[in-house]
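Look for subunit A in each of the two complexes below; its partner is subunit B in the first and subunit C in the second.
Let's look at the complex of A and B:
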């Protein structure tokens, strides 16, 4: 009988899937943009978007594309945030503009899963 | 349909309904998680009395249970019906074509797998519409579904063997033990 084979196949598939999805989960799915210490924008990481954030040194252009975030343009002197490039998890900081971009780490979407299923 | 068949469908539906209702009362770590003991009856009906009986038992069970529990035509009812139908069709087809390959436990596993696939797809299309959420949750559901599928398959196997021996008195005992 192939019952055992099927069982082990399903179990190993499920366990592999759990690890893969955990990996995907830890990437985070939200982009939080803080201006002057206040969370101003919360955006989904997987929706492409170009956003202009107003700061003390003019507008900063934040680009979200394909699960990654970068600062495309900033009117500050050292351009550290622009040079950081594309970020898929972690933080981009622009001190002159008091701008903090946090990628991932939000529980908002994880909790949005299933509310109730009954067989 | 003969009178005997009607009685059979009625009795099997009653058993399935009782198990389904009992599961709803039974506390589980996650609210929507259920062991699916009612599939034991579906599987027994399928293997002993054929596809039509099993299909009828499943439909009667799903509809009546949702009316009793109070989820008729709600989200849980849609998921329940879809899962039940997918599982009975998948098990019926696998009995028809792979009877020599899979035993009772294997067929139960296939049923559990398609039950979960159908429910996840329905949940995605109607309620969640977030592919990441479904993909994240599906491996866990697959794992739990396989485990309960094994348990249900073993119980069904025992039940079928007992039934085939025509030890009618023991049937109720087995059902009591498994609940």
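Let's look at the complex of A and C:
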């Protein structure tokens, strides 16, 4: 009897463990900042902050506020990253500064059964 | 007895884990290119094969981007713009081809899409929420006319007839690049994949589970995170692009001012919130989505049908209009 109880307990734990770990992994990080192709910062999306990121064209000021992210200031010529404005999901790119800000992850798409989003 | 149970437990765990790794043959990489984020997903039998094909496709996109970069002094496009009204400029086959396609979209849409809209676009400051004066807008209008792009295919040259004209291929380049990337992947033996250059997406083949790639369409008036997607549809050997008034805009005096300008007037078009277009070719979906946005739902759907494309148009009231080809394929999300 004890063997059976132990068996079912272990089975339950094993199955629960698989689903818990899957869920934990799929949540991912809220804001990932890559510099020159390497993940440099991982930040929660729902904690407001200002962050200065060093790049070839000087410091880029990244702002997180109310679940959104923007490049507040950058010293690149085209200001494409600044023009993106606030982003709650997606990516902001500053090629001159080799900076990529990923807001939310592709896991969110997969959770919704999507392979990509247009728009 | 306990050993037998533990053996069964081990077997069950192995079975569950083997079932859970259902993405073994799907590989994905992302890279910052074309001033945006490019994600390529391929179905392959090994990581090595996938990496080689994806990196090659990235290289193809990067080389193309270098030629048509509006902001780089070294691009062929900048050379054309610097020489506007002065002389013709020799260009590569790809640059000539994309300009020809841009002129084709302009012609077919009666000028609703115009790659020479640059002098008007540059007047709008979407960061500082500044609208240009009516006079400034009127002054630059004579510089906007795709018919003043002169191409000599024999010599592979491009000439902008008026000084001050600006050719901007931003309205078609990402879709064109998706086409190039898909061809590059196929050339490396990939038979199924998805290239997403920001919202310009092209899919080919089926996923490992023999199901089509599924693409969500962004809600143009998203209020909460759960509202992000308004509809979804399967994509098999097709491209999809979306033009929306929520990408670059500001609101002043209760009015939304966005970047999708009517080439004839220089002011934003207001008949739609977003246009999603599906066809075989990324360059066409990317170019024509802007044209349909400017034309509005009625004329836009008529043009889509004429061109053999499928479209989903959300009008200024939020109502959804589609071509008949999307019936039975498009799923509208429950919360819309």
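Definition applied: the second predicted complex is superposed on the first by the 76 of 119 C-alpha atoms of A that agree within 3 Å, B and C clash if a C-alpha of one lies under 4 Å from a C-alpha of the other, contacts with A are read in each partner's own complex, and residues count from 1 in each chain.
We adopt the following convention: a contact is a pair of C-beta atoms (placed from the backbone, for glycine too) under 8 Å apart; a residue touches a chain by one contact, two chains touch by 3 or more.
As the structure is a computational prediction, the values presented were derived from the model and not from experiment.
Undergrad: Which holds for A:80: it touches subunit B only (first), subunit C only (second), both, or neither?
TA: second
Undergrad: Hey, is it subunit B or subunit C that touches more of subunit A?
TA: It is C that touches the greater number of subunit A residues.
Undergrad: Between subunit B and subunit C, whom does A:93 touch in the aligned arrangement: first, second, both, or neither?
TA: In the superposition, A:93 touches subunit C alone.
Undergrad: Please work out whether A:3 is in contact with subunit B alone, subunit C alone, both, or neither, and reply first, second, both or neither.
TA: both
Undergrad: So which bits of subunit A does subunit B touch that subunit C touches too?
TA: On subunit A, the residues that contact subunit B in one structure and subunit C in the other are 3, 6-7, 10-11, 14-15, 18, 109, 112-119.
Undergrad: Give every residue of subunit A touching subunit B within the complex, in rising order.
TA: 1-3, 6-7, 10-11, 13-18, 20-21, 24-25, 29, 46, 109-110, 112-119
Undergrad: Which subunit B residues qualify as touching subunit A in the complex?
TA: Answer in residue numbers: 20, 23-24, 31-32, 34, 36, 38, 69, 71, 75-76, 79-80, 83-84, 101-103, 105-106, 109-110, 113, 115, 119, 123, 127-128, 130, 132-133, 135-140, 142-143, 146-147, 150, 153.
Undergrad: Would you tell me which residues of subunit A are touching subunit C in their complex?
TA: 3-4, 6-7, 10-11, 14-15, 18, 22, 37, 67, 77-80, 82-83, 85, 88-91, 93, 95, 98, 100, 102, 106, 109, 112-119
Undergrad: How about subunit C: which of its residues touch subunit A in the complex?
TA: Its residues touching subunit A are 1-2, 5-6, 8-9, 12-13, 16-17, 20, 28, 31-32, 35-37, 39, 41, 71, 126-127, 194, 196, 198-201, 203, 207, 213-220, 222, 225, 228-229, 232, 240-242, 244, 248, 274, 276.
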